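Scroll down for the structure; my scribbles are underneath it.
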Amino acid sequence: MTTPAHPIRVAVIAATGYGGIELLRWLTAHPAVEIVAVSSESSAGQPLTAVYPHLAGLEMALLPAAEARFHGEPQVVFFATPNGTAMQLAPAVLARGGKVIDLSADFRLKDPAVYAAYYGRAHGATDWLARAVYGLPELDREALRGAALVANPGCYPTAALLALAPLLRAGLIAPRGIIIDSKSGVSGAGRTALQTPYLYAEANEDVSAYTVGAHRHQPEIEQQLTAAGGEEAVITFTPHLIPMTRGIFTTAYGPLTRACATDEVLAIYRDAYAGSPFVTVLDATTLPHTKWCAGSNRAFVTARVDARAGRVVALAAIDNLGKGMSGQAVQNMNLLCGLDEATGLERPAVYP
Amino acid sequence: MTTPAHPIRVAVIAATGYGGIELLRWLTAHPAVEIVAVSSESSAGQPLTAVYPHLAGLEMALLPAAEARFHGEPQVVFFATPNGTAMQLAPAVLARGGKVIDLSADFRLKDPAVYAAYYGRAHGATDWLARAVYGLPELDREALRGAALVANPGCYPTAALLALAPLLRAGLIAPRGIIIDSKSGVSGAGRTALQTPYLYAEANEDVSAYTVGAHRHQPEIEQQLTAAGGEEAVITFTPHLIPMTRGIFTTAYGPLTRACATDEVLAIYRDAYAGSPFVTVLDATTLPHTKWCAGSNRAFVTARVDARAGRVVALAAIDNLGKGMSGQAVQNMNLLCGLDEATGLERPAVYP
Amino acid sequence: MTTPAHPIRVAVIAATGYGGIELLRWLTAHPAVEIVAVSSESSAGQPLTAVYPHLAGLEMALLPAAEARFHGEPQVVFFATPNGTAMQLAPAVLARGGKVIDLSADFRLKDPAVYAAYYGRAHGATDWLARAVYGLPELDREALRGAALVANPGCYPTAALLALAPLLRAGLIAPRGIIIDSKSGVSGAGRTALQTPYLYAEANEDVSAYTVGAHRHQPEIEQQLTAAGGEEAVITFTPHLIPMTRGIFTTAYGPLTRACATDEVLAIYRDAYAGSPFVTVLDATTLPHTKWCAGSNRAFVTARVDARAGRVVALAAIDNLGKGMSGQAVQNMNLLCGLDEATGLERPAVYP
Amino acid sequence: MTTPAHPIRVAVIAATGYGGIELLRWLTAHPAVEIVAVSSESSAGQPLTAVYPHLAGLEMALLPAAEARFHGEPQVVFFATPNGTAMQLAPAVLARGGKVIDLSADFRLKDPAVYAAYYGRAHGATDWLARAVYGLPELDREALRGAALVANPGCYPTAALLALAPLLRAGLIAPRGIIIDSKSGVSGAGRTALQTPYLYAEANEDVSAYTVGAHRHQPEIEQQLTAAGGEEAVITFTPHLIPMTRGIFTTAYGPLTRACATDEVLAIYRDAYAGSPFVTVLDATTLPHTKWCAGSNRAFVTARVDARAGRVVALAAIDNLGKGMSGQAVQNMNLLCGLDEATGLERPAVYP
């Protein structure tokens, strides 16, 4: 494998969270990237492999975030930080001409008031918020080419939007009356969530809904569905925690605006994702599985029409840490840097 | 523990399936029951403990079903058989005055044409079908007292009906536009389902929907919701397989017929389940968990109103083999035999 | 189910840990017991069902331990407390004539110096330590009848001793050269162990050994094997954490003192456990499974002779929270109180 | 990523088993490989993606094995076939000058009588058996360079040999008295093993030993340990099935031939694996985890001396489908074809 004469220098801020190490997994295998800095506040000063022996071979010292963002003059800085950090640390990177891909929620919600309401703090970088591009390439990859700041989508929004946006754009479903029922693996809670519900003995053999009607991804999904359909979307969104590590499965229910058959819905998907290397539209005989996505950047999408009820059931499966987070961030980096969108990302799932 | 002078003699047909051994688990600890016969076609002639060493202490020989149903003159015969068997073997039991609790689908659907359409065979005992009582005690326990033949509900219907029937009865939700999104553990497929999707390496770390729009429990749910609401119910039902052994979690979405608050919905539940020892209505701060039901006959129910969308989100958790199957069957036996409904069933979940 | 005219009044100290709620599960179904007090330091003042909704029906207020141990004049006080607590709180109970069953390690190691070395504190009740009886009924149930203070065995020791003690007693294996390789579910870490390795996303799909050569159960096993064989036992003990909630599987390797066949070993087991209702000796064609024990007080034991290597492979499976902890504690209570050893404990595993 | 002007043409026989799709995962990302043929007997004629939608992008038709081994003139043919197939189909490939890497057991055991005893059939290609090279590069990579036929090691032997061979070579442990206690994920049973014990509901929350004293990998391990130590090795080997999909964790116990400290053992490992890119020797403070290997070709090895017992505890973790099977097969291909051993294999584990 040859590397380009001048690989892209990247830094990963908060490299020891699940988003961070997943980024490292993709970036170390990327043919056009050089990782120049990795950060961790809690383990600053230690070698990365002291925290994660499985990264044997990636011998780098962990720096504090404030230092890592400039160390080695990175051209792209990934923020896999808790909410509230990127808005503080990213502007200086951007001011120096660096590109920023933020995996947190800091730049996703266009309305600072909505951000404040859902995230409990005033937004600290509203100027950059206005310039941030929402990074779901399948819905608007042109906006990403040459962008400076990308708001990498949330995991739930990624699956929901891939399933619903094309149908709203096509006018096939109404923007009000949409229900999104999502099932997520536990890794979505992150590695620092030392709380009882995330203990193995509690989460294993258990399913539950959580934050019913109040999840932070709800306004994000509505914002993007509104953009897709051109009319205000109002959704009911129910996230569930299920006993597995990776994966999100979304079952979305949309009211049809007119009678149509399953094949017509699938044709809309195929048309929408014709140029998208990471979305597989399944036919009327096959339903998605999260296992098909594990460790990959792929999404599987399909739908079935319930003619009796006048409704479409749209289904999507992703790896919440792959297409739902770090794989998508690398996909966005490729677009920002003028590379082929799929560079370094063409790996099938680890199955079984 | 004293046993009554004359315990109820029971037989378990198909005792070596998951429904069967779960029945045995409940019945061996029941203070008023004597198990007089157990059957298995594939293991007839063997001792039960040769198939299930964990039942050490329950030393009985497995008989063929046709023989076991009469062996020891059982007063109650449980059929934990594949669909199509009880309709053949139960009438003779009933004719002799025995009571039958059928855990299969044979006597659940009142319309033989619907049965034929969904189960692929003509119904072979339509006279008894007309006399069968649908055995969800929380919705109509009076009909069960003294009944001869009980159609024990399906696992999905049990959870869905507990969440939705009181709201339909109260006229709070409309019978059309209901969506039922259910998540089930893998034991629902049974022990004889030697198929690739049920292998550990395939089902682990995987979620998927299946039989979207075509599951056999859909007409059963609609039949009972129609009965509850007095108007034809049309539902969209999506079952999912998730990586756990036991448990069903149902998230149901119903269109409100008028504005109301969450507390009002909860009050309806509390009223409906005031005399039901196995349904716990959770308040507005607590959401159900399937782990709370594991190995028990308990159901947890709650709801949240989504005022923006004019919809109620109703949630229920059960053990698919407990309240969703064999625990409920024993509850029905208690009612049939004039015992206190909770006899032998008051055990908390095995947690964690 | 009739309760005796005068049920045994019991208190459960630390009722909200995994050992505690497992005790409650057994005790609520015990025909001769009345639970008069339950304690929790962290949730004192709250109702028990606020912490554990699955215990619906068991409406009791949580008291501080120091109060609960006397509240309602319990005749038996179970300490499911962290190590170091029972030695402080139990003596006053004992002084008043109450019986104590300690599920912690406080009274297991007869030598206070070994306790201090392994548990990092001086023993605070050495007088009671001398009078405590090690509570593995299958090895010495006579010592338990009428005892005042029981040291309930550790989970690993329970499985290891059931597999090995009869063979040492029979002189079939040598006390030096024994290797014990154990595999435990994650619930053994308890509910308050909010540490990264016990998070679902970390423990799932992972196996590892831990505290190799340094586990606290090693001196406990050696003490009891020494007692069984009459000669100092020296073992190599390796505990492993495996991705399941409940269960311990122990594979022990013992050097044969003379040539013998598998059947002879099994005969020794059968003889040793002839009067023990909770130990099932499996024959030469069947190997134990932890699933056969889940939620029950049963142990499965068997062995195979490796003639080429001059070694016996002894295998045991238990539920770490059942026979390995709370089930065994109730079994000990039965013996202490003159009840049949099996009272309230005769339930098969929850399978699957 | 540039591909060489003349990539190596490879065929995968039995591409739809777990070994086969894992090979495809590695080979599609290998920079010097072109997959020219894939086979499946049961799905011959179908596209590969009809069987495995997650391989979207790898559009190839499945051929019968007899045809696929020559289709497209492969230079290397991988046999991921059931035992007994490669010995029939491989000789013709070898006769034409193709190289063969056999992932089955057909060419592992040098003594045809031992093969017959353990695999229940006479060996059908004893001439090639004599010429086959056992493919564990870390123990003898020179023998692999330029070899024509490689017997890819079994999963258990890989972990056991990595942990034990260097210690035997160094004369630190005696070749008799070794105990190997291994814990494997369920994927080792393969995808076509439609048997009750491999069902999710049976394997989940269960641990058991199996084929105690009779596993087919025992003579393979003994053969290679004998080769390593120069003296006949006699082992006791106990495989266990644990509830996870991927991974093998091996805990081996070896009698020390002389007193030594843990650090000395680790130094022997470090020396043995100095030139081995895929073996990480962990220091005295860190124990291996299978999760660190998931989806990778890496092995983690360490040891602890139990001075009291005069024994070393050697521990190894691998992915049974990675270093234990298909990753190792690709590593062998690299050596056979004169590539750098690590080509296409340098990916960290998918964590968590």
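Chains: A, B, C and D, in written order; residue numbering restarts at 1 for each.
Here, a contact is a pair of C-beta atoms (placed from the backbone, for glycine too) under 8 Å apart; a residue touches a chain by one contact, two chains touch by 3 or more.
Fair warning: this is a prediction, and the values are worked out from it, not measured in the lab.
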Those chains that touch subunit C and also touch subunit A are B, D
Find the pair in A-D, B-D or B-C that has over half of its contact pairs, by residue number, in common with A-C.
B-D
Determine the centre-to-centre distance between subunit A and subunit D, using the mean Cα coordinates as centres, and give it in whole Å.
35
Whole-Å distance, subunit B centre to subunit D centre, using C-alpha means?
46
Nearest whole angstrom, what separates the Cα centre of subunit A from the Cα centre of subunit B?
39
For subunit A, which residues are shared contacts with two or more other chains?
18, 185, 187, 191, 201-202, 204-205, 243-246, 289, 291, 294, 352
Mind listing the subunit A positions that touch subunit C in their complex?
18, 185-187, 189, 191, 193-196, 198-205, 243-245
Which residues, counting only subunit A, touch subunit D once they are in their complex?
1-2, 18, 21, 24-25, 28-29, 31, 52-58, 187, 191, 205, 245-246, 277, 280, 282, 286, 289, 291-296, 298, 300, 346-352
Give every residue of subunit A touching subunit B within the complex, in rising order.
176-177, 179, 181, 183, 185, 201-202, 204-210, 212-213, 234-236, 238, 240, 242-247, 249, 251, 253, 287-291, 294, 304, 306, 308-309, 311, 313, 315, 317, 352
